[in-house]
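Common to both upcoming complexes is chain A, partnered first by chain B, then by chain C.
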Partner chain A sequence: MQLQKYPQWLLLTGIFLILIFLPFLITSQHLMHILILAGLECIAVMGFIAQYNVRLITFCTATFWGLGAYASGFLSTKLGMNFWFCLPLAGVIAGCFALIIGLLVIRAGWVTFLMITVVMAEISVEAIGHMNLLGGWDGITRIPRPAIGSYLFLSKASYYYLTLALVMVCVLIFKGLYKSAIGKAWTAIGQSPDLAESVGIDLFKYRMIAYVAAGFTSGLSGSLYAHYVSYIAPQTFDIIRSLYISIDAVVGGLGFVISGPIVGSIILRAIPEWLRIADKYQPIFEGCFIILCALFFRKGVIGLLSRYVVRPDEKSWKGVSVGDPGD
Partner chain B sequence: MAILEIKGVSKHFGGLIAVDEVDLEIEESEIRGIIGPNGAGKTTLFNVISGFLMPTKGRLVFKGEDITKLPVHARVGRGIARTFQLTNLFMDLTVFENVSISYHKNYHQGLVRQFLHTARARNEYEICRQRTVETLKFMGLGPLQNRLAKNLSYGHQRILGVCIALATRPSLLMLDEPVAGMNPEETLMMMELIRKIRDGGMTLLLVEHDMAAVMNLCERISVFDYGKKIGEGSPNQIKTDKKVIEAYLGSGENNNNYA
Partner chain C sequence: MDFKVFFQLLLNGLVLGSSYILVAAGFTLVYGSARVFNFAHGHFYMLGAFIYGGLVLLGLPWILSLIIAGLALALFGYLSWQVIFRPLYFDVFLTVATTVGLGLIMVQGVIVIAGERDIVVPSVFKGVLTLGDTAVSVEKISIVLISLAVMLALHLFLKSKIGKALEATTIDPEGASLQGINTGRMFVIAMALGSALAGIAGAVIVPYLSAQPNMGYPITTTYLCIVVVAGHGSLKGAVVTGLLFGLIKSFGYHFLGTWDYTLMLLLVAVIMYLRPWGIWGVEFRRKV
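Our next item is the complex of A and B:
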């Protein structure tokens, strides 16, 4: 354990410094754009993994993401609210939706839960598409840019820092949760729900916390997304987007709750965009990666890398592989 | 005084009656054995008591409080802990983590405090850590505390299972076949541990197939067959009970028919 700590700390500082100075190193605006998108997506992926850890497999991560985006878009265009109010409000709205839906469906068992999330992902797109108040199929356009005083966020670099800050906030939220007794309970549920219950862990309560935390952070991410691209449409948040988010999680490594999502979403979002094949070959790219994962690195890219850093026996539960969830 | 009273409990699975109108009283700090042939409904009764199954009929009273409708985790909070027949551990965690998770119900700090990692929450972690070390030492797993649960020997895994249940600080500990599949040496070790736990003032309820172990350990034994309780008493009484012998060896009449 001691051996592990030093390089990890060094690694984190190194990565942080690189992230801070990245806009000065990258001149390509296109690359900055895809980094921002990857950053926003990785927040949703963290939520997915938190839910996966308590054995809730969900296909509506993008729905909560979209909920945040739509909440923010509606509040800012129709009610003329400031971005800095919209951002937390979007999170709270998405979190409240997660709370209500969670209360209804989490007790249903994981198969039913999964099916309901699939249905929800489909219905929400249809519902928003038919709602004139929310712009229907045309979506919401001209969402105002965030501003501090007279400074307007316009350049890619400024959005990059905004995204970085938001990712940091979400990392801190999830890190805090995982480190606390809540995280311990999550781990226990992920390892064996029966045993967790028999030592006094309230499965429903801790699943609920994971679900709402994921909804809240996804909402935050969606809000920034809406203000960044300034145009949102229902199709952006369909089930395929949720599927991509879950594939990000698998590729990064399901056992790596913070680093996995970041690496996974950068690999799957950035590489195809960077090679400019995203619009045509994205599904093929995602498919290839998930097959590679299943065949060669079941613990994800980070699991593959960490094999060379830590001896398998020294690390504890972080090496959990892609397995059958069961209940 | 009875710590647990089971009053007329039945459990039906569709048309199958797994547990039929069972009355049982467990006295404080005794080791009670439940035995019976395969399919006698022992494990079902066990699941009903721990809350994994809800009884079709009847009531459960624990320390004077009706617990019939309580979910599993709430029963653990009242002081009922159980182990599993098959080895059920947090396999990818270390021995230490396995036990410290079970101290979960002893955290009294609210979720917000836990999340913010305040001094009081940290203090609780420290207490939890100390208790975990104590429990492991008590059960003789101290030297193995940094090993992953899945890398332990079978005997040690079973002991860890008991440790996890113990760490919830129960007043009634239910063991589902604690010595099943163990070699004689491990069986002796487990029996020694079970006595040690009882001497600490705990009430134990165990389902077991190993007759030698049950006869050796238990003060009182309840015998089940086809979901019904057919006998109860000290090991010596049970050994000579006519109904019990019939259940295990078949009745004389049936034997004559085949002869």
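Our next item is the complex of A and C:
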């Protein structure tokens, strides 16, 4: 196509400008709300894809998201800390948890890892529900909105810019990781762990980096989420949320590490709302979407579009081979 | 401890454990041969419970309802294999992702049709058996006995010629196909049989619990824990661990309240650390 001849920066600048001016174009507050939620979710989806690239399939992304949200909520309401300290601390706390859990579970095969993440997603909800310190099943209420000096981020538009900034930061983090030697190692592991190991790539180390990076960014996103909705409960971060995140990743396109999550989460958050079926039929919609995606366009929505418009930047690998369960 | 309380807890544990066994055996059968990491298996169990409950409430005899629930789930498993999982056979992650989607559709579909409320299914086995001074409800014994009978039937089936072929397919699909086994048919059989086991488990347990659309999520955690502890593809391990988990759930709930989940996780963590391939599983070359 013609567009392929233009340099990529032109496209990126265009997208950036559109994102900057979006609040002026959209008048609906509800749509802004959806966009903010999608923006926060896409960070977790990026973490999911980073883990998927090193062949760790996880279903507890929302757990780390919730961990960040709870850390931030606890620090700001119970200890009265400023949001700007809570945000990085939430990321660090979630990252530390990822480090500890990763030390225990990453060495097991991917099937066991997958099972353990599911169990963790269920247990964490139960455990937080029983902790009176963290508000139990009632959750934490009245988490303050962030502020700079006397300016409070109250309107949807202002919070949109805050979310956009965080998404940009996370995009830069992941972009940097993928461009560096770490990202090269990730790609090698994604194509064949055996081969990667045989040329001297430390699988455990690079898997650990992906796991901790995903935990850290999810924690940041969770912190922003907690301060946005100002009320968090354990059920918000249950396994269904994690399942939605994995579905976002597939719909956006698993080979597209940055653009896939953004497009996928926006599509899956926005379309049910737009069709006004969100409350009742959203799970059915998501389920149908994922099955159709898996059967008919496996490279996701971006894969479908990239044939025509965008220069493909995908990191392709042909799925996990059907090997022994311990592989 | 009072013997009466102990006995009741033991019986409750056996009842829960027998349903866990059926679900875990179905899961391990499906994953072992058809390589479908079925995330929706817990929801197959939920669907079985609803079908059985609906038929019993309509007035059908229980045995007929049980068989219909099993057959319906087998058909469902067969259809989902043919339509969704067979084209995705070589991509493990997309298979997992589609089972996730299937589970979401099933739960929400049941909520749309039946409403989000508990449906109490009356037990067909009423009455109480008195042994000395301890009273035992016939219903609980019937649940254990029916599950036992189903497991026995499964055991006999796996000893038959088709069962042996199924086992060969589980161990090595290519080798089995070189020996003249129609592996495609074996995958279908495994999928249908595993789904039917989940449906029967739900149908058996529903008079004891009540049918609710979200009942699949807790059992998902449980059967994954069981499979992690028992090892992949081990039916014997699934039986022993399933019973153990039922007892842990029952006794743990009595003594620790809702922390029983945590006890289960602790057990899983210890096993994971000592034997990552499970107690009865085949040891794999430890990578990483």
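Basically, the second predicted complex is superposed on the first by the 301 of 327 C-alpha atoms of A that agree within 3 Å, B and C clash if a C-alpha of one lies under 4 Å from a C-alpha of the other, contacts with A are read in each partner's own complex, and residues count from 1 in each chain.
As a working rule, contacts are C-beta pairs under 8 Å (C-beta built on N, C-alpha and C of every residue); 3 or more make two chains touch, one makes a residue touch a chain.
Computed from a predicted structure; not experimentally measured.
By the touch criterion defined above, A:Ala108 lies against chain C but remains apart from chain B after alignment on the C-alpha atoms of chain A. When the shared chain is aligned, chain C comes close enough to touch A:His130, but chain B does not.
In the overlay built on the shared chain, the residue A:His30 is in contact with neither chain B nor chain C. Judged by the touch definition given at the top, the superposed model places A:Ile182 against chain B, while chain C stays out of reach. In the overlay built on the shared chain, the residue A:Val199 is in contact with chain B alone; chain C does not reach it. In the superposition on chain A, A:Arg276 makes contact with neither chain B nor chain C. Residue by residue along chain A, chain B and chain C are tallied for touches, and C comes out ahead. With both structures placed on the common chain, the touch criterion links A:Lys78 to neither chain B nor chain C. Judged by the touch definition given at the top, the superposed model places A:Gln191 against chain B, while chain C stays out of reach. Comparing which residues of chain A touch chain B with which touch chain C, the overlap comprises 197, 203, 319-320. Put simply, chain A touches chain C in their complex at residues 52, 57, 104-109, 111-112, 114-116, 118-119, 122-123, 126-127, 130, 193, 197, 203-204, 207, 239-240, 243, 246-247, 250, 254, 280-284, 286-291, 294-295, 298, 318-322, 324-327.
Contacts from chain C toward chain A in the complex involve residues 31, 35, 37, 84, 87-94, 96-98, 100-105, 107-109, 112, 173, 217-218, 220-221, 224-225, 227-228, 232-233, 258-259, 261-262, 265, 268-269, 272-273, 276-277, 284-288.
Taken together, the chain A residues at the contact with chain B in this complex read 1, 176-177, 179-182, 184-185, 187-188, 191-192, 194-203, 209, 313, 316-317, 319-320. Those residues of chain B whose C-beta lies close enough to touch chain A in the complex are 50, 52, 71-73, 76-77, 81-82, 84, 88-94, 97, 100-102, 104-105, 107, 109, 111, 114-117, 121, 125, 146, 148, 151, 164-165, 167-168.
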